[in-house]
Amino acid sequence: MSGRVTAQKKRYEISRRSVADAQTPFVRNCWYVAARSEEIGQSLSSRLLLGESVLFFRREDGTAVALSNRCPHRSYPLDKGRLEGDDVVCGYHGLRYGSDGLCKAIPGRSGGATAFGVKSYPLIEAGSFIWIWMGDPEAAEQVPSPVPEWLGHPDWSVETGYLHVDGSYVHMHENLLDLSHLSYLHASSFGTPEYAAAPTEVSIEDDDIQVWRHVECVLPDLYAVPLGWRGERAMRRSGSQFVSPALHVNTGLFENLDRPDASVRRPTVKVAQLLTPETQTTMHYFYALCRNFAVDDAAVGAGMIAGMTKAFQEDQAAMAEISAQHATARSDEFYEFDIPTDRAGLEMRRLLKEMADEEMRSANA
Amino acid sequence: MSGRVTAQKKRYEISRRSVADAQTPFVRNCWYVAARSEEIGQSLSSRLLLGESVLFFRREDGTAVALSNRCPHRSYPLDKGRLEGDDVVCGYHGLRYGSDGLCKAIPGRSGGATAFGVKSYPLIEAGSFIWIWMGDPEAAEQVPSPVPEWLGHPDWSVETGYLHVDGSYVHMHENLLDLSHLSYLHASSFGTPEYAAAPTEVSIEDDDIQVWRHVECVLPDLYAVPLGWRGERAMRRSGSQFVSPALHVNTGLFENLDRPDASVRRPTVKVAQLLTPETQTTMHYFYALCRNFAVDDAAVGAGMIAGMTKAFQEDQAAMAEISAQHATARSDEFYEFDIPTDRAGLEMRRLLKEMADEEMRSANA
Amino acid sequence: MSGRVTAQKKRYEISRRSVADAQTPFVRNCWYVAARSEEIGQSLSSRLLLGESVLFFRREDGTAVALSNRCPHRSYPLDKGRLEGDDVVCGYHGLRYGSDGLCKAIPGRSGGATAFGVKSYPLIEAGSFIWIWMGDPEAAEQVPSPVPEWLGHPDWSVETGYLHVDGSYVHMHENLLDLSHLSYLHASSFGTPEYAAAPTEVSIEDDDIQVWRHVECVLPDLYAVPLGWRGERAMRRSGSQFVSPALHVNTGLFENLDRPDASVRRPTVKVAQLLTPETQTTMHYFYALCRNFAVDDAAVGAGMIAGMTKAFQEDQAAMAEISAQHATARSDEFYEFDIPTDRAGLEMRRLLKEMADEEMRSANA
């Protein structure tokens, strides 16, 4: 087999030059979710995002603030200091920073405002989340709001969740664009056997990458129970859409094939998959589960988010396993083989690579 | 002392260019023990061997199978999937592999057999162990069976053991070729004070490296108790033989000097020391203790393997200590000094280096 | 802000070429504290100092001995061997070393003394500590005793302590030369709010770097209680002196402003801050608290060393936080900004860099 492996590996290496992998530099010019709104209060906290330690707090007027967490004097983390009103006081030597990041006072130095400070990151708070811009600040204004219109819309409920993942966000995006894995990885949670074999439509237009899957099945309990459709035949249309490096949207449209009248209100589930790189090989996995049925039924929401979290923990475990395989694979023999359902994922990786290359060119220009 | 250290270090560096150390690439063209037979069943498991993650299972006919554990589609470990009959189904996207490693089916792709697959490793199962070939498959057929004739022979009992060692298999081979350490490292287990000073014979002929030691002593309890020779004078002849990178054989021949008639049946112990690198600095340490006396006495076997395991745990701890010293030693001052009992060990390291260099040349040719 | 950051970063990079940081090679030609006297007895122990594993024991006459801990035969750590009288016997193959480090006997080799051995480090034992010289042995004799005259002097009490620190000794020296941090990092231990703003005098003459701070305040309980000055106004004069890479001295002179007669005996505290690098990013933090009042009152001593240890644990935690920030900071954006109170610290770092460069030049000459 070794001659075949070698040829396969050569083809692989050429094809991989044009697509992103776990080692590709982050795309910074993008709105990423930094936190769930409820996580940030009038106290100091920090999180590692895209490899940078970021400080979070709310001003007295409630506005969320994100600053570089490293005091540029002697590198003490600002989250170990003190919040005084809207100012952050470093816990090492007392340097005082305003919520704009500028240093306002230095003990032992006369005079007030200084010309130096810590980086301040643009934020948007909407739809239960705080979104951060970690790229070129000027580019931020040209980018439309990252928040889908149904996220936080009163006609839709929202349930949110978070998992820390020992894996690259590139692998997670690839996971989400090929839902044939539901029949295997999620066989015992929200997958059904028909899923992998169901007809799919892939649509790729510029930056818009979508996969639709039409599955005739008895819905898994996660959906069948809240809809009251247990044991009934249904059409499940699943959409997977890559929206940005930070956002993938899953859509589930359900039709009752046994009782068409049950589908009049077009029951739909939307999941915002909010992927934020932490380091090249780890990520923050936020998600928001939205539905347009049983909107006010808290028990339905609690049951569905719990079921979905269980399934996402299967992805979390898989990402860690894949990272471990990448870490131990012999580099002289490593290649990956593509199958038909990878088409959308490869397009997404091509797009990520282009975005990263484009940022690199701008930074060096 | 510093001038002397420098000269010593220079001599050392020249001499070390021709012998293997922990960083020398593995010798792949060799049969290594992968597992004890009882470890592999009709279910999926994996082990890291020579830096590669290897999948193990048994076919329905009982034959053991070893495949690369990484699904070459998206690097999910196959041992997290499912065994269906003799096929392995990947737990991520359902790719199906036959026990020959070839991919038989890909969900979402019509047609059956494919031209790609995972590497399949030749195996030999004999003498309580499963042996694996991780080098050039064509070379495997030219290499004779690695299994010593007494291992599994009905005239000999077998007891097996396993320890994971945080150390290089090169250091362990060196350990085994200089048994003068029995008087020190194993003073409280199977060593006796006379051991280090006893007369030795070193015989080196091409690939055959042997050391024999003739020790007149009262045998340690480990041997004296099963032989019924406690407190009696004995001649203990210990042979240490480097057979291959994967195998070292210890032989113990015992003669009762007080009661010569007790030695008529030539009581002998053979230990197969089965060393399989896991990474450059860690190894799997399998061993098989065989004896030609009290062959059917299970209590003797249990006592002897327990005592031997206790002694081997002293080697296991020593290897970890040595690794730690190598890791912290200042590279600009590092040298090792050879003593007369190192002769066989240095020959073994010279041979290992030649084998590794030869494989490198073949791979590049 | 990004244009400003870039200019700041460029200035920073030029200025940092001439001062030491955590990555600067150790200054070896210096007496460092290796251990508290009570730690070393007539048994084998070891400690990692300046990146080297060092063996310690006492000869039968009580003299402390330090040797390289790695047996140069096959790198087994000597502290896992045996002390026989004044000799160390390696626990692997029995090589015997005298307390001068020379190998006296090798099992299996006739003849006694050999021409090889392990490095022996000069030691000085004084003032409750054992000091080690890890640089050029010839240079040791030209360097005066590192022990301050009050350390171990009968007019002064001594209390000692030890903390392991996950941070560079360079950062700790910098910490000690800018005590403005007492008002922030130590606000709840031995700092008071007036501290950061109090007038300071910096004196830099060749190798002598001192900072004096004159603080009118109510003393913190750590000092007020043993002096019997609780709630009374006092002048606290604090001296910070960089003596060597291994030693920083803090001096506290106290004057009672409400009751001048209480100050007649000039109550003084001296703290020897004994910093010994372990690796580039970790250190041994020894300290000795000496006072010239209540010298015989054991309860005062116990209370003061406990209070000081609590404060030093705040430094220990801060050093670990700073190390973590250095480890995750984006190198393309990293710079540090200096404030007026950094003057002495930067001079110290300039001196450390000169010493390290000078040693490098000598070694290459």
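Couple of notes before you dig in:
Each chain gets a letter, A, B and C, in the order it is written, and its residues are counted from 1.
The working rule: contacts are C-beta pairs under 8 Å (C-beta built on N, C-alpha and C of every residue); 3 or more make two chains touch, one makes a residue touch a chain.
Treat the numbers as computed from the prediction; the structure is a model and nothing was measured.
Homomeric contact chain A/chain C is classed as different-residue, with under half of its interface positions used by both copies. Per the C-alpha superposition, chain B sits rotated 120 degrees relative to chain C, a value rounded to a multiple of 5. One finds 46 Å separating the Cα centroids of chain A and chain C. Shared interface positions of chain A, i.e. residues touching 2 or more other chains, are not present.
Within the complex, the chain A residues that touch chain C are 48, 51-53, 69-70, 72-77, 80-81, 89-95, 101, 106-109, 115-117, 119-120, 136-137. Only residues 1-2, 4-5, 8, 171, 174, 178, 180-181, 183-185, 196-197, 200, 318, 321-322, 324-326, 328-330, 333, 335-342 of chain A touch chain B when the two sit together in their complex.
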